[in-house]
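Here the structure is laid out as structure tokens; the discussion comes afterwards.
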Amino acid sequence: MLAKPRLNSSKEQKGGRMSENTESAKVKKQEEISKSKTRRSGKRDQPTEASLNMAELRELAELVNEHGFTDFEFENENIRVRLSKMTAAPVMQAVNPISAAPAFAAAAPAAQTSAAPAASDEATQEDDLYKITSPIVGTFYRSPSPDKEPYVQEGSKVTPETTVCIVEAMKLMNEIQAETTGEVVKIYVENGQPVEYGQPLFGIRK
Amino acid sequence: MKKREIRKILIANRGEIACRIIWTCKEMGIKTVAVHSEADKEALHVRYADEAICIGAPPSAQSYLNIPAIISAAEITNVDAIHPGYGFLAESETFAKICEDCNIKFIGPKPHVIGMMGDKVEARRTMKAAGVPILPGSPDPIESADEAIRLAKEIGFPVIIKAAAGGGGRGMRIVRKEEDLAVNLETAQTEALAAFKNGAVYIERYIERPRHIEIQVLADEYGNVIHLGERECSIQRRHQKLLEEAPSPVVTPEQRDEMGAVAVKACQEIGYSSAGTFEFLLDEDGSFYFMEMNTRIQVEHPVTEMVTLADIVRNQIRIAQGEELGFTQEDVLIVGHSIECRINAEDPEKFTPSPGKITAFNIPGGPGVRVDTAVYPGYTVPPYYDSMIAKLIVHARTRELAIARMRRALEMMVVEGIKTTIPLHIKIMNDERFQKGDFSTKFMEEFQH
Amino acid sequence: MKKREIRKILIANRGEIACRIIWTCKEMGIKTVAVHSEADKEALHVRYADEAICIGAPPSAQSYLNIPAIISAAEITNVDAIHPGYGFLAESETFAKICEDCNIKFIGPKPHVIGMMGDKVEARRTMKAAGVPILPGSPDPIESADEAIRLAKEIGFPVIIKAAAGGGGRGMRIVRKEEDLAVNLETAQTEALAAFKNGAVYIERYIERPRHIEIQVLADEYGNVIHLGERECSIQRRHQKLLEEAPSPVVTPEQRDEMGAVAVKACQEIGYSSAGTFEFLLDEDGSFYFMEMNTRIQVEHPVTEMVTLADIVRNQIRIAQGEELGFTQEDVLIVGHSIECRINAEDPEKFTPSPGKITAFNIPGGPGVRVDTAVYPGYTVPPYYDSMIAKLIVHARTRELAIARMRRALEMMVVEGIKTTIPLHIKIMNDERFQKGDFSTKFMEEFQH
Amino acid sequence: MLAKPRLNSSKEQKGGRMSENTESAKVKKQEEISKSKTRRSGKRDQPTEASLNMAELRELAELVNEHGFTDFEFENENIRVRLSKMTAAPVMQAVNPISAAPAFAAAAPAAQTSAAPAASDEATQEDDLYKITSPIVGTFYRSPSPDKEPYVQEGSKVTPETTVCIVEAMKLMNEIQAETTGEVVKIYVENGQPVEYGQPLFGIRK
């Protein structure tokens, strides 16, 4: 199904456990999968035996979603897949004491101080972007000082050495470099906002 | 009287102690900030706290020991104080000092007191000066084998060589004969240097069958000091406590008063504030000797809370707010008997760590049972940190009833998916010598399991 | 001294109290037999017991009230004793008598004592004779409206009409004016007949703002009786207790001694044995009046256990074994303050039952928190029985700290899938009058929620 | 395919009714899966393969959904699949649908006094049989007195009025009638053994 070896092995399956109907459905899906593989094979993302391509993943997600599952995991010796749907957790700070429960229930971390703008619609597009994340906890500044221009804007081209922002921690101004080449497509954090370790700061299209 | 009100506390720790601190903060109406590594995103302290900040990668050095990250987190969340818990930065003079410099109240004693007690040689000297009995031994680090031999003869064999900066058994050597001294001294120095970046060692009399008895103290910033009685911590494996009790099955009320008075006086002498613990070796003849002072909350503090009904974390926070203790030694009652078993994610026979996903988890309830834990069904115990996943604590009228209660609670506690020390604790509860209270710190070496 | 050793107990109950009894049995090394209806196959008491027997269909009458089935179960499992818990057959003289006839020890007082205290008129008469203050009122069931009017004038209005066999508010009528008496008498008699198959009613003085204060006693078979202080149970809704405390915020040590002494003396007079509870009305002027005696363990017994460290179930079993109490009134200590909140599967506003599957369940831990429950994640609350799914109990040094702790514990308790009374309890904890301890049994009527 | 390993694993559990109780819901559902699969393919279950294709997954999802599962897991040495539909707290529930059940089963296996025949192998065959169950708790006797012949034997024909046994409760001998017409095929309880309410005593082929 999801990766080649398994497609093969399922084809090799003897005794046709499935009825005719499901068998043909399988063939159809496999065609779709091979199409998407071809499409992507032109890119650097050459499908390896143990990999999973986007189309397959999308199909899988649709499938799981369509049936209202919130969690899916798949794993074999080559691959492991897990899909889980975390509903946006009500924040624990709410006055209603019961709010502890939903927050607990949703398996989401507590209110993050530095709440990154979630933008879940755009999430799929942004998945392609390279993320510059904060290597330290601190306060995010886009320019060297309040009266200066920001280091970068949306649309700016960066090289690995380009300073993209400052994260202030313990009165120290830490210049953050892009560490990649590309174009700034997205800025996730407002000037002056606190950021935590690993928090995405910029989205870069390579 | 509150000199400074604490409205928000950052907890520079993880696991059950972070939850423990959050519980008291909630009871006091104080907001909490959890910090966590990338491995602890799903941890309970992160969920229970009002705010949470990821401070670094899973290894402790990059997260829970990462002072700049923690201070930054404290600054961006605008907390009034930091509670260090135990372990990690709890006994770091540097960290306490930086907190002070950043105008964040470190919940613990003054930095220089932490430093003083962290150096065993200095602690010993200070305590001796404060009238605390110490084991006959070298006042200063040993410089040479000759000096060691002269001292050992004076003290009398057996002697023990200990690292000045040490803990956890590293840099320790027991020497029973003069001819073994020189080589052991060298090994101990090497070990100490490797483990603590400090090769200084000292020598003291070695007691064959001591008990590990510790006294819990509370001291405010105005010289008011009380003690909450003793804890019996002799059941250890390789100097790691496995279970603790309060009170000790052998300490008499007179001994308690005596040890307590010594600890209280010492706190006043050194200007101690906050909660602290004096660890003593109790010899079979009833004499006791200072081992070290822990300038923080202990893992085993719940047994004291059970028998005294004091909330030690609350007292730490009140003291940090500049409040007076508000009660005296006469107000301290010790009622019944309490036992704590440390439930570790370990093979109960081999003591090898057993991290992994907990597939089923059930906490025993009912009278006299307390569980301090940060674990829940589905939680994955990460391999990066301490293996303790829960503390099971019981309280009953007598030691005999407490043992029966602990056995019941252990049998009803369910942890599936990983191995734990529960079976070992059940064996200890069923051990005749344990039941009689007839043991020393050698118990686990002699224990048949 | 043990007259008869109990090695195996059948628990003729379900839910948390069945688990509660199993906990103590395990601690005493006594084997347990759970009985259960078809609806309770997955219940926790069934899982925790050493043996389990299905005794009938889901409705109580066919299972937990089915005496032949329970006795048969006791016989085929060869138990020494039956613990009835509370509710169901706990106060059935018949059941206790049958147990006795079958040579099975009923864990409770003698059957005739149960019968005597079960009839309110007889209980009143007996208690009066034993020197217990009772409300001015009719010594015998009221026969006619004329007699009622004559009596009411003597006592003074307002008066209350109560069913002799009653409980739970049925057959009760408050009458403030002479002209309303006749019609209310008739209604009360009809209600009493319908509810208890016994139309007998009596009249007594009605107290406008009483507190419900009860005294816990323990009595052995040799006339040794002690009390464990009082419980404050004024927070009720339609005569159903919602939360209980020990000690009461208003009872003074002198009042405690006085009420306790009265209860102890009464037990000795009537030859009471086992645990029991004297329910009193406490008037604003400090006078108190006997309401009824419960000849069994109470739902709210944990608050007494918390402040006294006594295990009441253990004492019941010890007494049933023919042991002496082994301690005196002087040994009873009351330390700190305890509160119990009954967590019911009910809509917290409308109090309508909310049975169903519990999808998530998390018990709060930490210092001073006890949970007695038979619920677990995935458990389905059946619609056949009492709606109480858990008791959340806290203990702290003072009432103020206990309230803070209870609020924290309530906020951290997670029950999903069904509605519970947790939000109501949080509101009560936040209520100023509750915090001040300024309330009567009218609290819930006046409470804004 | 999917059901078999789980059925096996539940059989591997320690004996006694305890594990049966806690596992029963699961086992039953899984039997449904295997039945429905058998029906669709018209064949017996094949040994588990190391893979799963998209169509199979779809079928699986539909199947699991259709049967109202909230959680599904599958795993062998090669493959592991899990589907879950959690309405509430993923964290507070173990992976297992009845998280507490196996836990408590393992911790406190309540030895059932009246050892009901566990025999889950035979369960399928016996499902067809009409069961005469005990209407009361008591002691089971096959004959009116020790020196008399049993009321019925395997192979005896019964009518609704036939007395099949006695259950003694509180010194009373309660005669139990067959309440159906048929042949005694199975006797589940030994003479003199205690029985609980609802416990199967005889299996009758109508």
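In order of appearance the chains are A, B, C and D, and numbering begins at 1 in each one.
One rule holds in what follows: a residue touches a chain if its C-beta (ideal position, glycine included) is under 8 Å from a C-beta of that chain, and two chains touch if they have at least 3 such contacts.
Quick caveat: nothing in here was measured; it's all calculated off a predicted structure.
A comparison of the A-B and C-D interfaces places the larger number of contacting C-beta pairs at C-D. With centres defined by CA atoms alone, the chain at the far end from subunit D is B.
Annotation: 39 Å between the Cα-based centres of subunit C and subunit D. The centroid of the Cα atoms in subunit A and the matching centroid in subunit C are 57 Å apart.
Separation between the centroids of subunit A and subunit D, computed from CA atoms only, is 45 Å. Multi-chain contact residues of subunit C (touching two or more other chains) are listed as 48, 360, 362, 376-377, 407, 411-412, 414, 416.
With touch defined as above, residues shared between interfaces to two or more other chains in subunit A number as follows: 100-101, 104-105, 107.
The touching residues of subunit C, counted against subunit D in their complex, run 33-34, 38, 41-42, 44, 46-57, 63, 68-73, 75-77, 102, 359-362, 376-379, 414, 416-417. Here subunit C touches subunit B in the complex through residues 19-20, 23-24, 26-29, 48, 302, 305-306, 309-311, 333, 335-336, 362-373, 376-377, 395-397, 401, 404-405, 407-408, 411-412, going by the rule given at the top.
For subunit D in complex with subunit C, the touching residues are 18, 21-22, 86-89, 92-94, 97-101, 104-105, 108, 110-114, 136-139, 169-170, 194, 196-199.
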